[in-house]
Each structure stands twice: as structure tokens, then as C-alpha cells.
Amino acid sequence: MKKIEAIIRAEKLGDVKNALESKGFYGMTVTDVRGRGRQKGIQLQFKGRTMEIDLLPKVKIEIVVRDEDVEEVVELISNFARTGNVGDGKIFVIPVENAVRIRTGERGDKAL
Amino acid sequence: MAVFELGDGMRKAVVLVTIVLILMLVTPAMAIPAGWIGDANGAKTLKENPRAPVNFTWTLLCGFLVMFMQAGFAMVETGFTRAKNCANVVMKNMIDYVIGSLAFFAIGFALMMGKDWHGLIGTTGWFLTGKAYDVSTICLWFFELVFCATAATIVSGAIAERPKFSVYVIYSFIVSALIYPIYGHWMWGGGWLSSAPFMVKLGHGYGALDFAGSGVVHAIGGYIALAACILLGPRIGRYDENGNPRPILGHNIALAVLGTFILWFGWFGFNPGSTLAADQLRISIIAANTNLAAAAAGATAMFITWIKNGKPDIGLTCNGVLGGLVAITAPCAWVTPWASVIIGIVAGFIVCYGYWFLEKHGIDDAVGAVPVHGFCGSWGLLALGIFADGTYGVYTTQPPLVRGLLYGNPRFFICQVIDVIVNFAWAFGTGFLLFWILKKTIGIRVRPEEEIIGLDISEHATVAYPNFVYSSSMESETPFRMK
Amino acid sequence: MAVFELGDGMRKAVVLVTIVLILMLVTPAMAIPAGWIGDANGAKTLKENPRAPVNFTWTLLCGFLVMFMQAGFAMVETGFTRAKNCANVVMKNMIDYVIGSLAFFAIGFALMMGKDWHGLIGTTGWFLTGKAYDVSTICLWFFELVFCATAATIVSGAIAERPKFSVYVIYSFIVSALIYPIYGHWMWGGGWLSSAPFMVKLGHGYGALDFAGSGVVHAIGGYIALAACILLGPRIGRYDENGNPRPILGHNIALAVLGTFILWFGWFGFNPGSTLAADQLRISIIAANTNLAAAAAGATAMFITWIKNGKPDIGLTCNGVLGGLVAITAPCAWVTPWASVIIGIVAGFIVCYGYWFLEKHGIDDAVGAVPVHGFCGSWGLLALGIFADGTYGVYTTQPPLVRGLLYGNPRFFICQVIDVIVNFAWAFGTGFLLFWILKKTIGIRVRPEEEIIGLDISEHATVAYPNFVYSSSMESETPFRMK
Amino acid sequence: MAVFELGDGMRKAVVLVTIVLILMLVTPAMAIPAGWIGDANGAKTLKENPRAPVNFTWTLLCGFLVMFMQAGFAMVETGFTRAKNCANVVMKNMIDYVIGSLAFFAIGFALMMGKDWHGLIGTTGWFLTGKAYDVSTICLWFFELVFCATAATIVSGAIAERPKFSVYVIYSFIVSALIYPIYGHWMWGGGWLSSAPFMVKLGHGYGALDFAGSGVVHAIGGYIALAACILLGPRIGRYDENGNPRPILGHNIALAVLGTFILWFGWFGFNPGSTLAADQLRISIIAANTNLAAAAAGATAMFITWIKNGKPDIGLTCNGVLGGLVAITAPCAWVTPWASVIIGIVAGFIVCYGYWFLEKHGIDDAVGAVPVHGFCGSWGLLALGIFADGTYGVYTTQPPLVRGLLYGNPRFFICQVIDVIVNFAWAFGTGFLLFWILKKTIGIRVRPEEEIIGLDISEHATVAYPNFVYSSSMESETPFRMK
Amino acid sequence: MKKIEAIIRAEKLGDVKNALESKGFYGMTVTDVRGRGRQKGIQLQFKGRTMEIDLLPKVKIEIVVRDEDVEEVVELISNFARTGNVGDGKIFVIPVENAVRIRTGERGDKAL
Amino acid sequence: MKKIEAIIRAEKLGDVKNALESKGFYGMTVTDVRGRGRQKGIQLQFKGRTMEIDLLPKVKIEIVVRDEDVEEVVELISNFARTGNVGDGKIFVIPVENAVRIRTGERGDKAL
């Protein structure tokens, strides 16, 4: 099992979600995060004084999948989250040793 | 957790109720011959009383301020409850005014202010037609309406975060059409409490009094709320396994304080406006007394919590201010400024200890409305019986001047005690009956899973703050593709 | 996503505009000889009319209430749109009042209320100088200003979340200086709609009427908004790939309901205040009618959504209330309370079905302003032509008394139909022209990436709720090092 | 980080203070024989002045509007500061009105409006007893109270996010009991600034003037705030290591704009109401001037930031509006509408550059209160000395009519210059002394870790928005077990 | 060391927290997330138009524990977060290579 | 590749961010979390009734770095997030199998 962590633009979440769903990947967990990378920050003003915010709002998607599905999910996310501009985000693949479905107590791949 | 879907089979019932309501409201009104009406354009009234313009100006503008208290209640109540019920709470505040306006138009006003029948109810002015289509009568209607709506909305906060919305709609109608107006008639409509010969004799020239409604408006609302809270039971999580109360924090203190200020502001319409006439110059003293009692009560509540917990508590300070306002509402025209300060200080204690008392006894009043409006309302009636200083008459500068216990008229104090008892019995009794019947028939409380997910979703299929709570979910609904 | 930087080359343009504006506002004013003025301290006016104090009191206080409606619009509009545009929305509400005040001072008032020129425009009172420097004239100016500002601000909500801020500034100036005042002159300034001999003959003694501005204020605003919405196109994400509408949830229901209450409150200045005189005691009936129509419309809208979707919807209930208020604005002084209830019920239907109709046709009115102010405004004009009951005259108790279709004057109804058509044509026509010219020249809509990041950042370089949305980013800007 | 616990040993002190306060407020009041009082029911006053009802109506309703400004201040101040201090900020706004009401009742009013003693202080009317128990006196008390409370609350915003709450309670008492009333006496209570023979001679018939309190209310508050800001030092994080200012964003722009609108609305009570009489028809011009100055200043501030940073700034636009309102407060009754526009434009510049000036010099005024209320207040006094056009007298239509520099009375301008200096010296001096003593004794600022965690937690053991900031922590406190 | 990531119902956090605490597992980090799985979404309306939200609010608990404690913690969470209805959530076990206590610089199991 | 997860005080984020930036570690993802550990909770009151909140606001930083950079980043965070008082937070090192830059599709270390 692997956990796929993708940090994407908030406005792309809908597309990514639908794409994953259409291939049968329904379960996921989403978190509001803020990130920085190559993308430049935003200038703000308050009472005429300016400042720069370099942590921009992003969305993190976490999906735990069977090993054999990793490639497909990574591809799907890449394709549907891409705009081609800086700030599109990153995907990380992290090993998962076990999974449990709380409702039933099922473990391993069955729990996904 | 259950799925929350729209369309729950209540539709037919609602359609029916809607149609009945529309017919009820409109048909009888149209049926009454329009020919036989009051002074509908005011020319005659103006000729008879050249001071009518300033009195109308005063009464209407004060009435507008009172109407604005609806916004204050909405903000206080939502501020002191949780975000997941926010839309439901403010919707209840909106809808009790909407329904109450129609109910008081159709039925309530006639019962309250119509021609007296045996000191019990009024009997004329249904739908503001006939003789009631008159500038003075409708001026009075408007002012009484906003008071009625205040009484109704008090309950909303106390029972927040658990009742069915449909129950609240029914309650709003009944309280504005029946419960409030009938008691209101007894006190202000020429009914027995103020005007029965035995009461007038007892009080030495006047029966029970209540200048602007500590009892008529606030205690009525407060004790109905008490009955409803008892029947509903506490919110999930309000008490732990051992029955110890646990605080459920309000979600928006800024709005709660805003609401408190709006109410304080509106109260300057409530109390001084109750002269219904600007030529009663006592209005200035009424305004001052109102303000002083509020301030004294707020300061008292703040110091009580500061001493008790080591830090001044905002929630009870706001409640204190409101309790002071409620307490001074009955006596405001008849007492001195310094007495108002004392009345306020006592109200500050009542608000805090009353709240803790109810809490300890398993009664979950979400915003503290029962101590504020109920207990302080009763205190206001008694305080009037104690501190009335004999400088002002019964809504007039003419004798009989109103005197209380400290100023040599202990029998008037007895009138007030009777009123306190009757007021409690009527409000708690009818309130209990109403919610008890509803509980036994359609049920008054949402299911636990609905309560946990919040009434916004379960009762209205909405969320009050989608961008904060569901943030990126909302964003993601956008099907936009950047090119 | 693009980088949003301050300083976008518009600076020079803005400097220029600023200087021109200052010169425009100040120079002509100073140029006019101050010697030849009206009754600037009111001594003469008081002597001539001993009732002036109460009438001024009434008119001004009602005007203040109307001014406060600006806050109501701001809260409703921001409450019903997204957090990322919140600062932009409230800023627009602030700035249309700011710019509108100056425009109406310099130009608008003279066009609207100045000496009539061929029934088309007024021609005196520029910059409130000369004869216009007079207590009565300026009292009128103030009251008309707050109405003008109401019309202007209506558009803000409908077009929210996508127009350029600079476009909105220009729009605010034009609407307050030209579009509103000219039509206003036709109805209230002695212009042709109300006063041309052929209209007066048609209506049997009076031309088209509009007591407090269902047409003059609301429908004007509503139909300009319609034109602007059409030219702007829907917000990104408002329709899916198949063109089906998708809801974009408002971000703060508590503020939206607060705003609705503030508007309702302010409307008691709007309608009753439009007598401009407290000695018209009809004001009490106007207040009652205003309240009843609002309540009836709110209840209707609530029941419609309850029946349709199974749960009562808060957004449309608020819109319903506002639609009822708009509809009763024209007829409020001339109809009975029960007719007000009917007018409100119809408005409730118009608000809901009007909103869904526009939505289905690809017109994205972010807060529902077009059905509320536009459609209900037209309905108000017609309702006046139907229900006027002949108990009250043209802002006076004297004949001719105003009668509508149901009370034997069908020709007056025709006046109102003419007005509805003219009103729509003028507002939609000039509004379309204005936004069309702006679209073809400077462009009226922000770029898609600006819209997605939100107008707060793209137009004002700010965020409305930094501690919630960017929370710890803000915190982290602190260079504090704990010792 | 330290643990924040309730109960910090201050309890005993607070108990003591509470008891002393109660005794102070109540005992003397009761001691005074109630027999010898003023016209407590108003019958006599009404007979003597048949216009009293309309004047009372006007004064009281305007006073109510001014009271409502407390809500405006609360919203502006909390909107422009951080969420972690939100409850503290609004609590301060509540409590200064609460404490101020009691202090002004007990002491302040007598010092300000009592019988003059050598032009320095008033000496009668303590606790509103004796001759002060009179409808006219108490009407005046109420109106002056809400002004006093405005002055007090100005400081709250400037010093936000760092002072101890206990210090603020003490400050509230002192300013309302002593600092404000004494200066108020000099200007409005028959004291030396307005009435000493040498001043009256200097001004050609009148001494220094201040129609509604640019100086008495706003500049007093503003300069006390300046002193307090200097003594407190800037908030942690307001300046970087190199001493360069860094913005600390306000947490709720919607509420800040709401607050600005509430203040603007309330100002229509503040300025026009200051005639204390509706038979001064100049009230309409006062209302218009008030509005125009606000609009001009708001537009100016917007354009300044637009030009400077490329995007229009909301915070300074709101401050601009408020600065315009402050500036027009002194001259509102004595200048022309076009002069009001100029006064507003200048105020717009003062607000922006004043704010940046202070910021650059290390003075951290959290909401910009010093430039808005202090600097614009002084400008208002000067502007009166420049633009007064000789159409209106000293709160009357009778001569002497008030003329400024441009209209031939340069010596009156000198009166105003004297006033500006005295005003600054008094406010800054007493304010500095007060906060300096408090700093040296009990300390005026919370500890750094308290400031970082926020004053809501450290001073009140609460959080203003638990569902957003601590969200699921709150939820999880629920001991509910689903079956 | 392992990181146990549990996505549970918000209203179960209190119970889970207390249960863990009673067994000596005090340290934890909690995040507000939104998730979807088998559980159906919620229908919302706005101005009479309906939509479905399929990402529902959940709470994510992260606890890093020694290898030998994994089983116990997983069991505790499972038991106390369970309602038996869809939407109870999932537990994932993820390997952790090292831990550092910032205050002291301690590393490894000692840092927990 | 490793993911470094650091849970720190919110008010330290600025310092940590700047320190990392000055050493060339720019990319990061930040989440608002609440945590508990040795640090005691906060007492709150509402209408005079008190309660304790033991989950305190913290900030989680996630940085994915090449294996060779782990030590440096851990050191930097430790040093700049430290106050020496309880509640300073923890750092966890978690293995990452792969990374993808969505914009370009680059994989592995190049994607960081």
C-alpha cells in the first residue's frame, strides 16, 4: 500500500476528484494547506503599508491505494491538476504498512 | 451518520398549511365592508390633537428601534451558539417576526387591544379592518406588534440548537396570536390585572402596572422559554456522564456583542417609546434610567465573574447588561436614576446566579434567556412596586401618581406580587401546554444525528460559513478549467 | 497563476481623474456668489410654518434610517457571496455612497429637483449653492440623496464577484449624477410622468405615481443591474459544462440576515419618511403596510422553497422579505393593510420564480437583486394602480384621492402601466449603454485568474479574513523572538 | 509558553474595588433628600415651552443614534485587529460604556454641566439628584453622556491588542469622571474657553467654539490615545528588526466596514443632534455638511492609496470617512456645503499621511484613531475658524453670527488656535499622566507571551471564534456516544 | 517508530483522546480534514438550487509511537471511534525513521 | 527522499521559514493543526463555567528533501523553532518513495 499525497491548486480539486472517481478511486482525504515553491507570493496592503505573503493556499489530497494502482493514480492527478504554470504542485508517494477500516476492523488492502 | 436529503415527505403538509394560512389571512379581511372605517388619512385626528404629529413621530421612530431589536436578538443568539446552527438560529429570528407580524395582524391585536370582554380578552380590530383602519389605531398596532415580536423571539435563543424548525414556526404563530396578546390585554388592553376594580382598589388608584413590559414582554417570553427548555432537555454534550454542566462556547463573540449593543440601542425605543407620546417629557428620565440600570447590571455581572473565576467573562457581562435592561423596563418611568442603579445591580446578580442555578438543575438555556428575561422580568415588576417614587402618574403627569413600598404604598407592591405570580403561571402554563402537545404529536426535537451535524444542514440544507468550514470543497465545485 | 502586484500602471490615470474630480467639485461651488442665498438658518421657514420642526425631525431621522440601509446592503451582499470577494463587495458599498454623495451634490440634485425644463430635467441647485443654500431645500437634498444612493447600491450586489473596481467607481458617478436623477425628475421633480397634462388627464387628476420609489429607486437599480449582468456574463463556475446552473454559496449567513434586518429597519425611514412631513398622520398606516408586505412575502418565499425542496431556504426567505418591501414601496400610502398582505404574497412568488427564471436563462445575478428590486419594483407600481383605495391623496389628505383599478379608476392603472414600461426602458437602456461603452473601452470584467483568486486580492491587495484563511501565515510574519 | 489559568490573585483587589464602587454610586445618592427636586415629570417644562416635545424627541433620538456609535466603534476596532484579541476588543468597548455611564452619572456630569466655578469646573448635579432630577437636565445628561462615552471609546482602538484589561477599566472611569468632563466644561459648560470675557472679546462676541465636539470629544480621545500608545509601545511584530513598520492585518473587513457605516449613521445624531432643539432648522444643513465631508474625505483617502500603491485600500478609505466626519463635527453648523467638501478633502490627506507619519515614528496606533480623531479633530477646530460663513449664530438663529477667517473675523480664528493648543495640552497631558502613573504602579501592558497567545485567552479565558480556530477541539469536548 | 494516521468522525475525537490518554498515549496532533469514502454526501440548497457536497468534515489524528505500541493504539482508536455506520473512517500505519524533540534535541524513541 | 514533518509553535514559523530559505530550502507545505504533548492546556470560561482545552494550536511544516539534506533541515528547524519551554514541538522523518512535479511531470529528486 502507498499513500499518495498531492498538493494541488484549490480550484483543480473538482477536476481531480471527478477524474479519480471515474476510474474507481473514490476514497480520499483532503486538507487545506498553504505552500510555497517556485511560485512567487502575493503582495498585500493594509492601511497603505504593503507586505508579501509567500505561503499560498493549496489543497492536499491524500489517497491510500494498493501498490499496483500507484502509477495510475499519480498519472490521473498529474493530468488533471496541471495548468502548466508555476504553482501546479507536487505529488509524493509514501509507503504505508497497514490500513484498518474502523467500521469493520478489516485490515490491509481490503480496508481501502 | 444518516444521509441528509432534501424532500422529506413533509411537503404535502406544508402545502396545506400554506394554503390555509393564505386563506385565513386574506379572505376575512376582504369580506369586511370597507365602507365603515376609522380615520384612515388622519385629517380628523390632526384637527383634534395638534400634537399628534410629534407623538406619531416619537411613537413610530421608537417602534422602529424596537423592531431593530430583532437583529440584536439574532446576533446575540447566534453569537452565543455554535457555527453549525448559525443559519438556523438567525432564520428562526427572521421567521418569528415574519409569522408574528401576520398573526398579530390577523388575530393578536384584536385579542389584546380590542374592545374589552369581561377583563379577559379584546374582541375588535381583526385584520385591522373596519374601525381599526385608523391612523391612531394602526400606530398603536405597530408599536404593540414590535413588542409582541420581542416576546416571541426570546424563546428562540433559549431553546437554540435542538428544536425542529417546523415546531418553531407553529410556536411563533401561537405565541403572537394567543399567548402574548391575552396576557397583554390583562395588563395593557384594559384587562383585569391593571383595571379590575379590586385591583385598582388594592393599589390605591391603579392596579398592577408594567410601564414597558418587564412582565408583559420579557417575563412572558422568558417563562415560555423555561417550559420549552424543560420539555426539550439539554443539548447533547451540555452535561457530562456525571451530569456536570460543560460549557458549549458561542461561535462568534463579535456578533454577540454587536447584538447586545443593538438591543441596548433598541431599548431606547422600547422604554421611552412606551409613553406613546412625546409630550410626556418624562421620556428623558426614562432614557437615563434605562441606561443606568443596564450599565450597573453589566458592571455587576462583570465583577461577579471576575471575582469568581479570576477573569471578567464577556458572555455574562452581555447578559448582565440585558438583564438590567429587562429589569428597568417595568419601573423605568416611575423611579429615580439612583434607584435604577440599584435595580441594575440586583439584576446583575440575578442574571449570573440564575444562570448557574438553572444550569445546575439540568436546564439548558443556550443563551441565558430565562434568567435575563424571565427572572429579571419578575424582578422588574417587584422593583416597580418597591421604588416608584410618586413623581409620575399612569402614563400621564396627572394623579394618581405611582408610589411603591418605599414611598408609602405597600398595597401597590401587593398588586405587583400578584402580577408576578399570574405572569409566571400564564406564561409557564401555556408554554408548557403548547410544547407538551407538540411533543406528544409531531415531536419537538430533531434526531441526535441531526443535532450533531447541526441544524443548518439538517433543517435547512445549508451551511452558514461554507468558505471557512468546507472551504476548498466549495472551491472545488467550480468546473472551471484554466486555459 | 499570475503574481498579483501592486502598482499596475493605472496610477497616472487615477491621479488625473482625482484632480479633475476635485476641481469639478470645488471650483464651481466657490465661483457662485454666496450673497444670494436661500433661508440658510431657518428663521424665516420656522416663522412661516410652525410645524417645520416636527416635519424636519421626521424627514431627517427617516433619512438617517435610509442612509443606514447602505450597511444593510453591504451585509446582505457580502453575506451572499464568497469570502474571497468580501472586502471588494463591502468596499463597493462604501464607495458608491461616497461617490454618489458627491455626484448628487454637484449635479444630480439639480437635474432631479431643480426648476423643471420641459418636463425632462431640472436645472437649478448645482452644488447646493445660491437659492439652494436653504434649510428646506437641503433637507430635501439629504432625503433624496439617500434614495439615490439606494438605487446605486442595488447594482453592486447583482454584479458582485467579477467587475473591475474602477468600472464600479465610474458607474457610481454616472448613475448618481445622471441616470437616477433624470428619471427621478420625471416622477418626483415635476417631470412629465407625474405632471404632464396628458398624464394627469389620463389618471383623472394625477399622473403616474410612486409613493416612495418602487420604480424610481428599486426598479431603476434592478434593471440597470440586469443590463450589467447580461454584459458581464456569469461568474466562473456558476454554470457547468452543460450550462446547468450551480449554486455558489454565500459565505456568511449571519451577516446576510443581519443585513436583511437592517434593510427592513431602514425601510421604515424609506416609506413612512417619504411623506416628508409628520403632519401626514398616514405615516402609521404606511409603516404597518410596509411591515405586513415584508412579512407576507418572506413567509411566502419560505413556504415555496419548503414545498419545492423539502426544507425552508434562508436565502430566498431573506430575498422574499426584501421583495415584499420593494413591492409595497410604491403603494404603501394608498392601500389597506390586507391589500399589503396580498401584494407581499405576490412579491414572494416573483422573487423565487424570477430568480430561477433568470438563472435558467444564463443571467447570473449574484444576490438576486434583479427579481427583488427590478421585478418586484414593477409589481409595486402595478399594485398601486390596482389596490389604491381612495382614502389618501397625493402626499396630502386633500383630494384628489388616489384610486386604482379595484376602486373605480382603471385609467390610473394605465398611467402605472406606462410608467412600468418607461421605467424599464430608461433603466435598462441607459444601463446597457453605460456598461456597453465601458466594456468596449476599458473593459468591465477582471481576468479569469483574478476572479479565481478573488477580487479582494486582485483589486485591493487585501484579504477580508486573514486570520481564518491564511491564519498562521499571518502569525508567522511576526519577527518576534521569545527570550 | 505559560499556562493560562483562571484565578490570578487579583480577586481580592477586585472584590474591594467592586464594593467601593457600589457604595460610591449608591450611598450619596440615597443620602440626598428627595424632596427638593427639579421638574421630574415635565408638566411645568411643557407649559413653559410648547415646543419641548419636538425638541426632546429630536435630542433623545439623536442621542440614541450616538449611543449606537458604541457598536460602530466595537466593529471597526475589532475588524481592524486580530481574531485572537477580538473578544477583548469588543469587551473593552462594552465596558467603557458601562463604566462611563456610571462615572458620568456620579461625577462627570456635575463637573461638566453643573454650576460654573471660576470658569474651571461645574459643581452641581451629582448623581442626578436634587435639582438635577429634572426632565430637561436629564435630557441634557443623556445627550452629554453618549458624547462622553464616544470620547472614552476612541482610546480603546488605538491601544488595542496589548493593554491590561484592568487598566482599561480604570482608564474608563477616570476619563468619564474627570478628564473629559473638565475640558467639556471649558467649552460647553460655560467654562473659560467659550465664555471667559477675554475669549469672548477676542472672538468678537463669542469665544472658542466647537459645535458638536471635534475637539471636546474626538481630539480629547485622540490625544489621550496618543499618550497611551507612546507609553505602551508598539505591538510585538509591528516593526521588524530594523525598525521598519510591518502591517498587522485586521481580521474581519466586513465588520470593519459595518462599523464604519454604523458610525456614519450615528454621526447624524452626533452633529445635527447637537442643536439640542429641532426648532433650529439648520439641522438639515448640518446633516448635509456631515455627509459631504465624510464622502469627500473617503474619496480622497481612496484615491491617495490608489495612486500610491496602485490599488484602492479599504482600511484607509474607512478611516478617511471617519476623519471627514471628525473634521466636520466642529464646523458643521457654521459652514457651507462646498466648504464641507473642502474640509473633508483635507481630512482625507490628514488621515493617510498622519497615519504613516506616526507609523514611521514608532507609534503603533492599531486602528488609526490618533490621526482620525486627534489630528482631524484639531483640523475641525481650525476649519471652523476659517470657513464659518456668518449665516448661523451660537446654537441659535440670533446674532452674533459666527464668522471665520475667510468671512472677515480673523480674531475668531485665533480663539480656535488657542483652543487647539489647550485641547492638545489637556488631553495629552492628563492622558500621559494617567497612563504613566498606572505604568509605574500596576503596569499597563500584558506580558509578551500573553500578547502572543492573544488577550482573549490571557485576559478573559475565552476565544472569540472557537468553531473556526479550535474547531474540532470544541466538538470533541462532547461526551456524546452515538448508540 | 510508526506514525498512526486515523481519520475519524469529529464527534468521536473526545472519546478517542480520553481512551488513549488513559493508556498513557498523550501526545498527538489533530487536523481538520474533509474526506469521502463509502459514506454518501450531503445535499445543500442555496436560494432554492441544490448541490451535493461529497467531502465531509472529518478529523485526522496523527500519533507517532514505538513499534511495539502500534497494535494497542490501533485497537484503541478502532474501538472508540466506531459507531458501526459508514463513515467511521480509516487508520493507516506509516513508517517513521526518526523523531526529534525540538526542545531538548533528543532523538529516536526518547523523543516521543 | 524523506519527508520532514515538523510540528512547531505558530509564532516560530516565520523564523524557521527564513532560516530554511537562507539555506536554499524554499519549497514547503504548511498546515494549521492542534496538538498536545507535555504542554498543559488552556482554561477557558464561558458564561462563568470553565473548561480546559488540551489541544493547542500548532503549525505543521512538511518538507520533502533529498536524503543527504535531511540532517541539515532537521538541525535548522530544531534551532529556529526552539524556545526551551514545553510545547516546542516535534520533528518526524518519514520515507518518501517518489515525488512528481505536476507542472512538468519530472520525477524523483528533480521534482523537489
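A, B, C, D, E and F label the chains in the order they appear, each numbered from 1.
To be clear about the criterion, a contact is a pair of C-beta atoms (placed from the backbone, for glycine too) under 8 Å apart; a residue touches a chain by one contact, two chains touch by 3 or more.
Fair warning: this is a prediction, and the values are worked out from it, not measured in the lab.
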| item | value |
| --- | --- |
| Interface residue identity across copies chain C, chain D - same or different by half | different |
| Between the pairs C-E and B-D, the one where more C-beta pairs touch | B-D |
| Geometric centre distance via CA averages, chain E-chain D, whole Å | 50 |
| Averaged-CA centre spacing for the pair chain E and chain B, given as whole angstrom | 45 |
| Centre-to-centre distance between chain F and chain E (centres being mean Cα positions), rounded to whole Å | 18 |
| Sequence positions of chain E contacting 2 or more other chains | 11, 17, 30-32, 34, 44-46, 50-51, 55, 57, 83, 85, 87, 94-95 |
| Chain C residues counted as touching two or more neighbouring chains | 5-6, 54, 57, 61, 246, 248-250, 252, 309, 311, 313, 315, 452, 460-463, 465, 468-469, 471-473, 476-480, 482 |
| Chain E residues touching chain C - in the complex, by the definition given at the top | 44-51 |
| Chain A residues touching chain E - in the complex, by the definition given at the top | 1, 3, 17, 26-31, 64, 94-103, 105, 111-112 |
| Chain C residues touching chain D - in the complex, by the definition given at the top | 5-11, 14-15, 17-18, 21-22, 25-26, 29-30, 34, 37, 40-43, 45-46, 52-54, 56-57, 60-61, 63-64, 67-68, 70-71, 74-75, 78, 86-87, 90-91, 93-95, 97-99, 101-102, 105, 127-129, 133, 135-136, 138-139, 141-142, 145, 165, 252, 255, 456, 459-468, 471, 474, 477-480, 482 |
| Parts of chain A lying in touch with chain F, wherever the complex brings them together | 2, 6-8, 31-38, 54-55, 58, 60, 74, 77-78, 81-95 |
| Footprint of chain B on chain C - complex, ascending | 51, 54-55, 57-58, 61, 65, 82-84, 236-237, 240-241, 246, 248-254, 257-258, 260-262, 264-265, 268-269, 272, 277-285, 287-288, 291-292, 294-296, 298-299, 302-303, 306-307, 309-315, 317-318, 321, 336-338, 341-342, 345, 389, 391-393, 397, 448-449, 452, 465, 468-469 |
